[in-house]
Structure formats: C-alpha cells, structure tokens
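Below, chain A partners chain B and then partners chain C, in two separate complexes.
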Partner chain A sequence: MAVLNPLKSAEHTIMQDTDLAGPLVFCLAFGGSLLLSGKLHFGYIYGIGLVGCLAMYCLLNLMSLNGVSAGIIVSVLGYCLLPMVFLSFSAVLLSLKGVVGLVLVIVTVMWCSVSASKLFVSALAMDSQQLLVAYPCALVYGVFALLTVF
Partner chain B sequence: MDVPSEYRATKASQKRRPKSQKMGQPPQQMQPQQQPYYNDFDMQNQQQQNYMQHFGQPDMFYGGYNPSFAGASGPEQLAQQYLNDPMANMAMQYGSSLAGQGKDIVNKNLEKVMSSSKVKYYFAVDTAYVGKKLGLLFFPFTHSDWSIRYNQDEPVAPRYEINAPDLYIPCMAFVTYILVAGMVLGTQDRFTPEQLGTQASSALVWLIIELLAFSLSLYVMNLKSGIKYLDIIAYCGYKFVGMTVSLLAGVMSSKTVYYCVLLWFCISLVFFLMRTLRVQIVPQEVDDGHTRGTKRSLYFLLTVSLAQPLLMWWLSSSIMIYRKL
Partner chain C sequence: MADMSWHSNSKMSDRSAVLDMDAIEPGTISSDRDSGLQDDYSSTFPSESPKGKRAAGGKSFGEDMRQRVGENVTQMMWQAGAQSARRAWNVYGNIDLLRPYFDVEPKEVQSRLVYSLVPMRPTDTRQEVPKELYGPTMVVLTLIALLLYQMKSADHRVEEGTLIGSAFAVCFMYWLGASALVWFVAYVCEVRIAILQILSMMGYALFGHCIVLFLGTVIHTSHDHMFFYLLWAVVGGLSTLRMAGIIMSRTRGSKQRLIVTGTIATLHLFFLLYLHFAYHTIVEEISDAFHQNFVPVPASVKIDVIAPSANVGPAT
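After this line comes the complex of A and B, so read on.
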C-alpha cells in the first residue's frame, strides 16, 4: 500500500523482507495488458527490467554510504510498476498518442518514480537525495512507458 | 618428492596437463605421501584415482564409495551410483571453485582500473548541488569564483563544493539523451529498439575517443595537471545536458528553435569549460619556459572547449536532420 500513496512518508522497516512474487505478478500483468493492445513485448519487458535493475543497483551502490543488495532493488522497482500496469490497461481503451495520453503518461511515470524513490530513500537512509534517486527511476519507468505508447 | 605432490594438489586448475604425464611415472611411490589426502588408496582403483586427480580437489566421499565401484551390479545400484557419483560431486566442486576464482580475478582487475571508493567520490552529490550545477551549465556567465577547495590534496566532495566535477550529471544526461533521441525518432516514425542501441554506442564511442585524445594530448604536451581520467569523462559528459535540452526544444517547436538552443548551449559550455579547466590546468607557471607552457595550455584549453560544440552538433543533428524529408 505504500506504493499507491506516494505522498505519505514510509518507515524504513518496510523493505526488511524482500519478496519477488509481487513484482513478478506485476510484470506478467503488464505484459498481459500489452498483449491485449496487440503488442507482443514480453522479451523487451524482461530485458529492460533487467537492465534497469542492474543500472539502479550500480547507481545506488555508488550513491549510498552502505551498499544495497539486489533483492531490495528488484522488489522495490517491481512493486512500483503497479501504476504502469494501470496505464497499460487504460491504453487498451483509449489511444495514448494525444495530449490526454501524454498527460496520463507523465503523471503515471512521476507516480511510479516518486513512490520508488521514497521507498529507496527510507530503506537506505540517504538524506536529501530523493529527487536524485527519483530521476533514474523515472528514466526506467519512462522506457516502460515508451513500450506502452509506441 | 613431497613438494611436487602438494604443489599438484593446490595448483590443480592450472596444471592439469603436466600432471597427467607425471602420474604416469611411478604411481606406487606416490602412495605414502598421498595418505593425508586420500582416505582409502587401493591398488585396484589406481586407474580411478589417476583419473580423479585430474580434477584436483580430492573428494572426501571417495573413500566411502570405493567398494560400490568395485562391485557394481543391478539397476538400483547403478542408479544409486549415478546419483551419488563422486565424479559429479567433484565436478561440482571444481566448477564452483573455478567460479570463485574467476570472480576474484575479475574483482582484482576491476579494482586496479576503477577503485570503487574513487568512483564513489564522484557520486557523492545531493539535490542542491545538482540544481546549482545545472544552473551553472545553463548560465555560467555570472559565476565569479571557479576555484575548487582542496582537502589535503584531495578535492572536497561535490556535495560541498559546486565547482568540483561529478559523474552523476553526465551519466544521467547520457541516458536521458539516448531516451530523448529514441522519442524524437519515434515522432519521426524512424524508431526501432535497435536504434536505441545504435545511438548509445555511437555516443559512447565518441566519448571514449575524446577521452583518449585529451589524455594523449595532455601527455604529449607535457602539461602537468591534477586532472584524472574520471574528471575528463565528467567534463566531456556535460555536453549531453545541452544536447538533451536542445533536442527537446527542437521536437516541441521548429528546427530554428533547436539551432538557437544548441548555439546557446555551445557558447555556455565553451565558457564553462574554459573557466573550469583554466583553474585546473594552469596553476604551475613557475617552471622553465613559462611563456611556452601557458601558451600550450591555452591551446589545449581552446581545443578541448571547441571540440565540445562540434561533437554536440554532430551527434544531435543526425537525430534532427531528417525532418526535411
């Protein structure tokens, strides 16, 4: 539920137990909804997810004072994919290439990245770097959005 | 003969070939020395032992399974053998030890090229620094103090010193540039996912060429300066910020806007780099031939600064130029 409310601050014990089941379900749901709009992109989703997780792992290891483990990264990024799943479901109903679509895409990407960065910052105790962490998350989710729209 | 047997046991992975020849010679003599390594050394299982030693690490299970090899019969015993095969155990152990060694080698070599604490220095940034640095890249003309504070011969972390170079902005700008290029190609209906890879690799190649050219020219012109390779990468990476913004401006309005924004960023980047590098390259003027030294460093500075707009234009116009068709 911390994912769905990006404005509330999260406590730092929220990521003590990392699980990968939720993220996998969300990835499959994302791929399934893309399938509904006629795009067979499962391979791209896995590839981009892997590359994004690897990049975030490197970046967060360099930026934080104590290191991070890969499990936390994968589970945070996977859980925050939930708004992107909503976006791709809505892409089935209305085309996203207009102005409305653009606004929706931007809002969704920002929602995903703000909640992901909030979880990262609270789990790793990095002060005054939330915006800096949010930007790479926004880039990763932006690539997913590119998949959804084009 | 004690030394060769111990040597053989530890250097198993590298010395497989000579070992097989050595074992051919007097296997009986090896017997007493190998007692500490093998639980049960049978004369019957000489062949088995010779073959197993090729894997290096002696398997402690081997002694227990000796009789089963000698008297194998019946399908269940065969199956049992296959599952509990000490060969499989040994192979797994060998594989895992090889993987461990490989990882150690990679880590050691990586430490030599890029020590992680040095790279971490470039990422110790916070939001205020990034904001101010971006502002400086957009408009460097009003900034007056370009010196960098040093903390015992080491620059202060970028968090506390706005003039210090960092690697966060260039990395993010590079990735953003690739994604924006993909988006622009998408609006021109020229987008395939392979294009992302193509653009990324071409930009990276130019970056590496720049790095090599500047390192080489620093070395050739004998300019002693405190600039490290990562600093050069950082300075060459700042142009991606300008390229990204000009691409965005160009895609939202016409081509002339793109050219104007590009020109603005070229000028400001030239100014920024000249001011920053002048502080870093020119401090030693008390050596011999000081006038020649400062002229050389000035030429170097000019070349570095003017190469940036050229590359900015080259890389980004290939994205934008097809709009005419």
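After this line comes the complex of A and C, so read on.
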C-alpha cells in the first residue's frame, strides 16, 4: 500500500520485515505482461534488475550513515516495480510511442521512483536527500520503461 | 599508510621465511658431514647428522624430511600470500574510502550542474573544483540512458553483447580514460589539480553532452546537421571554456596551459561528435531507405527508356 500511495509518508519501521516473494511475483508479472505484447524479455528483466540492485546497493551504502543490506534494496526496488507492471499491461491495449504513451511512461517512472525513494529515505533516515535517491531509482525504472515501450 | 602495511607485512613474511630457510641452509649442514655421502642430502637434513651405515634408512628419512619441509614452506608461503591479499583488499577494496565523495546535498548538485556551463575568467586565484563523485556518476548514467533511448529508437543492433553493455562501456571508458589521460598531461605540465577533481570536472562537463543529445533526440531535423553543430559549438564550447578556465587558474606557463586545455578540448568535443555520428546517423539511413521505396517511378519515364533500345536492335 505504501507503494501505491507515493505521497503518503512511510513509517521508518516499514522495511524491518523484508521479503523477496513480492518482488519475484512482480518481476514474473512484468515479464508475463510483456509476453502478452509479444516480447520475450525475462532475461533482460533479471539482468537489469540485478545490475540496478547492485548499483543502488553501492550508492546507498556510500550515502547512508549506517549502511544498508542487499535484502532491503531488492525488496524495495521489487515492490516499487508494481506501477511498471500496470504500464506494461496497458502497453498490450495501446501503443506507448505516442504522446499519451509518453505521458503514461513519465508518470509511471516518477511514481515508481518517488515510492522507492520514500521507502529508502524512511528506512535509512536520509530525509534531506530524497531527491538524490529518487534520481538513480528513476534511471533504473526508466530502463525498464524502455523495455516496455520498444 | 598502505606502504607501511606492505612494508611491515613484507618484514613479517621475510622474517618467517628467513627463519625456516636458515634451518635448512646447505652450508650450515654440509659442513658437519662427509662430502662424499652427504652432498646429495645436505639440503634435506636438519641439524642432526646421520652416519654412513644408516644410508638406506637415512634416504627414506631424508626424503620424508624434504617432503615435510616442502609442505611447511608451501603452507607458510600460502598463508603469507593470503594475508597480504587480505590486507590489500582491506586497504584498496574498501568502499568506505569513497564515502566522503558522495556526501552532498541536492542544492549543491544543482548549482554544480548549472555552473558546469558557466565559464569563469581565469585569474591568479584558483577556481574551486569540488572533490565529489555523486554528480558526475549520475551524469554519466544519464548519458548512458539517453544513448540507450537513441539506440532503441534507431533500432541499432549489436552483434556481440547488448545495447546496455555498449553504452556502459563507451561512457564509463570515456569518463575514466579521458580523466586518466588529462591527469597524466596535467602531471607532466605541473598543474595543481588532483585526480578526483579532474574526475569531478570531466564528469560535470558531460552534462552539456546530455543536453545536446536530449535536444537532438527530441527535436528531429531531417537530414540537416546544422542544428547539432550549433548546439555542439554553443553547449560544448561553454563546458570546454569552463574546464579551460579551471585549468588555466591552476597552471603557470603559457605552453603548459595550451597543452592541457588543448587536450581537454579535443577529447571533450570529439566525444560529442562521436556520440552524435555513431548513433544518430542510423536514423537518417533508415529514413532515406523509406523515402526511396515510397517514391514511385512515373509510367512515361519507363516508355522513353525502353523505346530507343527497341529501334537500335533490328538495324544492326
């Protein structure tokens, strides 16, 4: 629910119970929805996800005071992939290469990155640096959006 | 600090190795033996001195000792090597070394991005260059994302590897390689600048490249590069002048200034040309191919072409 409402502030204890089941389901759902569009990109999803998680792990360990575990990174990035799953389902019905598609992509990427940065910032107590955390998240989700559009 | 740890480590390893090798030095052992029988076994026997009548049993004893000593030495060398590797990893592979360079606020990053396109006149006082890696890393990753978007929209295909791999390789190799080259030239020309400052300066300068690539992707000018050349001169020129001002404020001597600023300008501006012509040209070729297929040949032209050849044939 914290992912679906990016404007609501999250509790800092929200990431104490991390799990990988949700992120795995969302990755499979994303791959399945791309399959409905005729794109077989499961390998790309896992590869980009792995590289993105590794990059965020390095970056957040460098920026935060106490460090962060890989489980939290994978969990947050995986759960915040949910809006991207909605976008890929909408790509089945309409083409995303027009103006409407561009607006949808921008809104979705911003939704994912704001949610992810909100969760990271509340878990790591980095309130003044939410924008600095959101931008790399936006780059990672932007690459996922490229997979969806092209 | 790293040198001291290596020095003490080497001392320790030398000390342990010297102790064991002294125990089996041939000179110290063979002096107590008869030269005829003991020359073959002088390197294997310890302080004890086997006699001639024990030659048969001593051979197996000697072989056994040789094997044990060999194993001990191998084990100690392995431990010393593993210890050295562990210490080197703790010193050089420690990611915490980079932590101070990622401690920034959003407003600082914003102002540095904007000022990367604002050249300042060089004076005697050094222009400040922050030792920061967050901004340059994000700029390079943005450049990779823009290149990826361009390659995807141009349907660029890579034979061995992936589009992301190509974009990563190109951008990071330029940032790190060009910075290393500039650092070397700056070192030779006695410029007072650190490698991290060069990385930061070259990284922030790529913000101009991001702007040019973004505008070139969004604003399509069919078959005309003038818009790109204008952006290349204005935006690329501003970021180059900014870097030139920084270098000139930290260098003495006109020749040295010329060499370093010439190197930076060449690398920076040619990289932007490469990024444009390597990936943008593909869009033009595809649009050219579409244009030729969609233009039909008029029927009257076909008849004029066939008729003269029909007249000439029968007469000959």
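Everything that follows uses one rule, which is that the second predicted complex is superposed on the first by the 150 of 150 C-alpha atoms of A that agree within 3 Å, B and C clash if a C-alpha of one lies under 4 Å from a C-alpha of the other, contacts with A are read in each partner's own complex, and residues count from 1 in each chain.
Note that contacts are C-beta pairs under 8 Å (C-beta built on N, C-alpha and C of every residue); 3 or more make two chains touch, one makes a residue touch a chain.
Just so it is clear, the model here is predicted, and its values are computed rather than measured.
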item: Room on chain A for both chain B and chain C (clash or fit); value: clash
item: Chain B versus chain C as contact partner of A:35, first or second or both or neither; value: neither
item: Contacts of A:135 with chain B and chain C, given as first, second, both or neither; value: both
item: Partner chain in contact with A:143 - chain B first, chain C second, else both or neither; value: both
item: Chain B versus chain C as contact partner of A:45, first or second or both or neither; value: neither
item: Partner chain in contact with A:110 - chain B first, chain C second, else both or neither; value: neither
item: Chain B versus chain C as contact partner of A:25, first or second or both or neither; value: neither
item: Residues of chain A contacting chain B in one complex and chain C in the other; value: 59, 62-63, 128-129, 131-132, 135-136, 139, 142-143, 146, 150
item: Touching residues on chain A, where the partner in the complex is chain C; value: 48, 51, 58-59, 61-63, 128-129, 131-132, 135-136, 139, 142-143, 146, 149-150
item: Touching residues (chain side chain B, partner chain A) in the complex; value: 116, 119-120, 122-128, 130, 168, 171-172, 175-176, 179, 182-183, 186, 191, 193
item: Residue numbers on chain C that touch chain A, as the complex places them; value: 95, 98-99, 102-106, 109, 134, 137-138, 141-142, 145, 148-149, 152-153, 164
item: Contact set on chain A toward chain B in their complex; value: 44, 55, 59, 62-63, 127-132, 135-136, 139, 142-143, 146, 150
